[in-house]
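Below you'll find the structure, written out as structure tokens, and then a few comments.
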Amino acid sequence: MMASTHRWARVAWGAGLAFLLAAPFVGVYPVFLMTALCFAIFACAFNLLLGYTGLLSFGHAAFMGSAAYATGWLVRSAGWSPELGLLAGMLLAGALGLVVGLIAIRRQGIYFAMVTLAMAQMIYFVCLQVPFTGGEDGLQGVPRGNLFGLIPLASDLTLYYVVLAIFVAVFLAIIRIVHSPYGQVLKAIRENEPRAISLGYDVDRYKLLAFVLSTAIAGLAGALKTLVLGFATLSDVHWSLSGEVVLMTLLGGMGTFAGPVVGAVTIIGLQNFLADRVGSWVTVIIGVIFVVCVLAFRKGIVGELLAWQQRRHSR
Amino acid sequence: MKLKKIAAASALACATLLGVAAPAQAQVSGDVIRIGIITDMSSVYADLDGQGGVEAIKMAIADAGGSVAGKKVEVLFADHQNKADVAAAKAREWFDTQGLDMLIGGTNSGTALAMSKVAAEKKKPFLVVGAASSALTNDQCTPYTVHYAYDTVALAKGTGNAVVKAGGKSWYFLTADYAFGAALQNDTSTVVKAAGGTIVGSVKVPLNASDFSSFLLQAQSSKAQILGLANAGGDTINSIKAANEFGVTKTMKLAGLLVFINDIHSLGLKTTQGMYLTDSWYWNKDAEARAWSRRFFEKMKRMPSSLQAADYSATLQYLAAVKATGSDDADKVLAQMKKTKINDIFAKGGYIRDDGRMVHDMYLMQVKTPAESTEPWDYYKVVEVFKGEAAWQTKADSKCALWK
Amino acid sequence: MEFFGIPLQAFLGQLMLGLVNGSFYAMLSLGLAVIFGLLGIVNFAHGALYMIGAYVAYLSLEILGLNYWAALLLAPLAVGALGALIERTMLKHLYRIDPIYSLLLTFGLALIFEGVFRDQFGVSGQQYPVPEALQGATNLGFMVLPNYRAWVVVASLTICLGTWFVIEKTRLGATLRAGTENPSLVQAFGINVPLMVTLTYAGGAALAAIAGVLAAPVIQINPLMGSNLIIVVFAVVVIGGMGSILGSILTGVMLGLVEGLTKVFYPEASNIVVFVIMAIVLMVRPAGLFGKEK
């Protein structure tokens, strides 16, 4: 039985990847997919914190957005090449994450969430006031440049494969982190923190590292999005985006690998698809999905799929 | 772990298929002229343009005959929710996958600037109707952007000059703390000082503040004659309301730097009477405008704002240019538009300058008292008309490389 | 006479306004504090319920011709009923699991309410007139204070202190507090605890609605009025101490005063001064100023 699952897994895995590789040629709009992949990276980063460490951060957009602005400015006004800009954005988000984390980690549960929210609002305010961000107008006209100074990214097709490569790298990296001994400790902390403390683990250190990793990857997502779309705006740091990423993770399935990706693509796809057709009802639909997920679908799409698989096999 | 991978792969494929369903139509318009409008349809500026703007465009298409140069004309619309990223992404998608021929930009300067860049990249005409920022024809001008209705310079020159002339020499600004508000304050200050007035002070108010009382108190204690409202939408409405409540209007006159007829309708004449404002058009300014506005009223049950009239005019002029050149090639049509005078319900003797600015008359108006108003929506009396170039940015001050 | 560079008159004026806003903040955070303090639910729908309360007032005037005073009674009843419905059909199922879920549920509900009202009413906002009895203004010497704002102070503080008194000092309040702290034991005494929980949530919702009616004549009633304020209200409750009703009342008033002063000296920051205070308080006193560490 395991052998056949193994084969099935390989086939399905390959099919999924093949689809993503071929997508632009099948008629899928590459810019849409790139945006969805950026949000998928964001959701994966968030899931690392919520699904695998059990920490609900209510201000995660602040990290995505700050990196978006930083990279945007560096690439546009300081003339940096895109890969350095991405790296810088990621590091900035991680550094911010360190500062916020140091303040927030000491609190538990809802207090942790509230502190992250407070700090995120302050970051929002800074982004609003500081001249280089362009305030309400946003930071615009970010060129795509040449990757490593060699590969021009102006073409949507080229950039798509770069984004896809980064996405796959992040995805695999997160799998590695979760399966590493460090990841196991995180799981232990999520399951039963007092126990982990009693076993001698410096729980705060582990949580802080998870937080910084999560914010750094979120920053990567933001920086990448800036390159794809050519601008960074206040929507990237607004608390409603923080709420959206919670939904993406919840809908897709907390604590699974594919969950946040599924959730992100679904929500972005829905917003895109519905915006033209139903206008302001998009908010309502998102709200309904939230409510339905919380009441009846807590494992999310992928979680439910997994649970169903397990039930089938245990018969 | 294996099960997770199955779930991962299959779910991933499913989700991406959903994405396929969305924007996968990659047909290019060969035989349809597509006009798109991206504006605020659901947020703070929805009444100014929004659905009414779409209706106005549809009216223009109908008036042009429904089809031009042998091709049917279609209109697309989308809500940018005042987000530059949504606007730019939608514009790009329409150009790439829907064969969009012409884009009309609705309210909000940030979105207009973003869309302007996309249109320049895709080399398609972009007619900005709703946004105010003069940067669109200044340091951020492009060969494809036409700024159609109004801008911050015109508002400043209009209201600023006129109010000082009418005796309002000392000013205090209540400014929405974002780029648009600051630009409006700057432009108006320059004009006021040049006209011999003084700026006593100003205060920056966070966008969408729920309470203006303390800022108004500061304004009042400055003892200035004029309170300049460098804000828009809900902020303007709230600050006017509060100014009345706190008796500020007894000692200062209000100068609304960006006010639309919908705002006046919302607040009522009692609260807004006597206020000066500058606008590009008024539904009751002449018989032609009135006739068209009645048609609009039938559909929308409210009188059109200047933006909605501009949407109509922009569409009409674009289609006329397409007819004249017999093609929807962007460069040809824009060239045609730039050499044709604009004469319709929106503007008489209007023309498009090299920097993309559509030059036309602007109107300084004052809000009527309830007694002076003879019918619903009869809110303004025209105090002064700024003819042609008088209202706009001059070549000397312009940084646009296309206009030298 | 100057006071930190501004005339005393202006300074007093700002303090007065700060008091007005502060009492409003206290009123607004009251419902949230009650629900969290007694039920442990982070009610993200609080802003939406406040907005619905304001709309009940507006609609009852437009459609039924009921005046402000009737609305003050009708809105809390209507929204309270809605709250009871929410609790009975949805929240009830989430008590046994991680409190994060009730937070997320109420967040989703807030989106739904906001979206529906936005679709119906647009966002430009609706006007609601100041009731006749409270129109006009009084000259206090250092400023002109609209009578309605004075009423807001009086009404808010009365309701706030009244609620606090009922919950902390009366027998009903004691039963309430016991029932939510140890439901099974209190139930054993024959008291219908689930009903009490429902009524408590409904009560919090009703308080939000009253705040909405109080706000209606002051700011434009629009579907976004709740979401603009909800985060500030949360900050107030967190600073005050999430278990403490008196804490949020006092913090609300204090915040109003601090914000008022910030508006004079550094207005751009007036929006975030509450978050700065929250971050500092949480670092120094993690349970909030008056909270009890659980």
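Points worth noting:
When the chains are written out, they are named A, B and C in that same order, and each has its own residue count from 1.
The working rule: contacts are C-beta pairs under 8 Å (C-beta built on N, C-alpha and C of every residue); 3 or more make two chains touch, one makes a residue touch a chain.
What you are looking at is a predicted structure, and each value in this text was computed from that prediction instead of being measured.
If touching chains are joined by edges, the resulting network of the protein chains shown connects every chain directly with every other.
The two chains most heavily joined by C-beta contacts are A-B. Chain centres here are Cα means. That of chain A falls 33 Å from that of chain C. If you average the Cα atoms of chain B and of chain C, the two centres end up 37 Å apart. Residues of chain C found to touch two or more other chains are 118-119, 268, 271. Residues of chain B in contact with two or more other chains: 42, 177. Multi-chain contact residues of chain A (touching two or more other chains) are listed as 129, 279-280.
Looking at the complex, you find that chain B touches chain C at residues 42-44, 46-47, 177, 203-206, 208-211, 213-215, 217-218, 221, 233-234, 237-238, 241, 245-247, 262, 266-268. Here chain A touches chain C in the complex through residues 56, 103, 106-107, 109-111, 113-115, 117-119, 121-122, 125, 129, 239, 243, 246-247, 250, 279-291, 293-295, 298, going by the rule given at the top.
Remark: chain B residues 2-16, 18-24, 26, 41-42, 76, 78-79, 83-86, 88-90, 92-93, 96-97, 109-110, 113-114, 117, 133, 177-180, 207 touch chain A in the complex.
Against chain A, the residues of chain C that register as touching in their complex are 42, 90, 93-94, 97, 99-101, 103-105, 107-116, 118-119, 231, 234-235, 238, 242, 268-269, 271-272, 275-276, 278-279, 282-283, 286.
Across the complex, chain A meets chain B through its residues 2, 5-6, 8-9, 12-17, 19-20, 23, 26-29, 31-33, 35-36, 128-129, 134-138, 140-141, 156, 229-231, 233, 235-236, 252, 256-258, 261-262, 265-266, 268-270, 272-273, 275-276, 279-280, 301-302, 305-306, 309-310.
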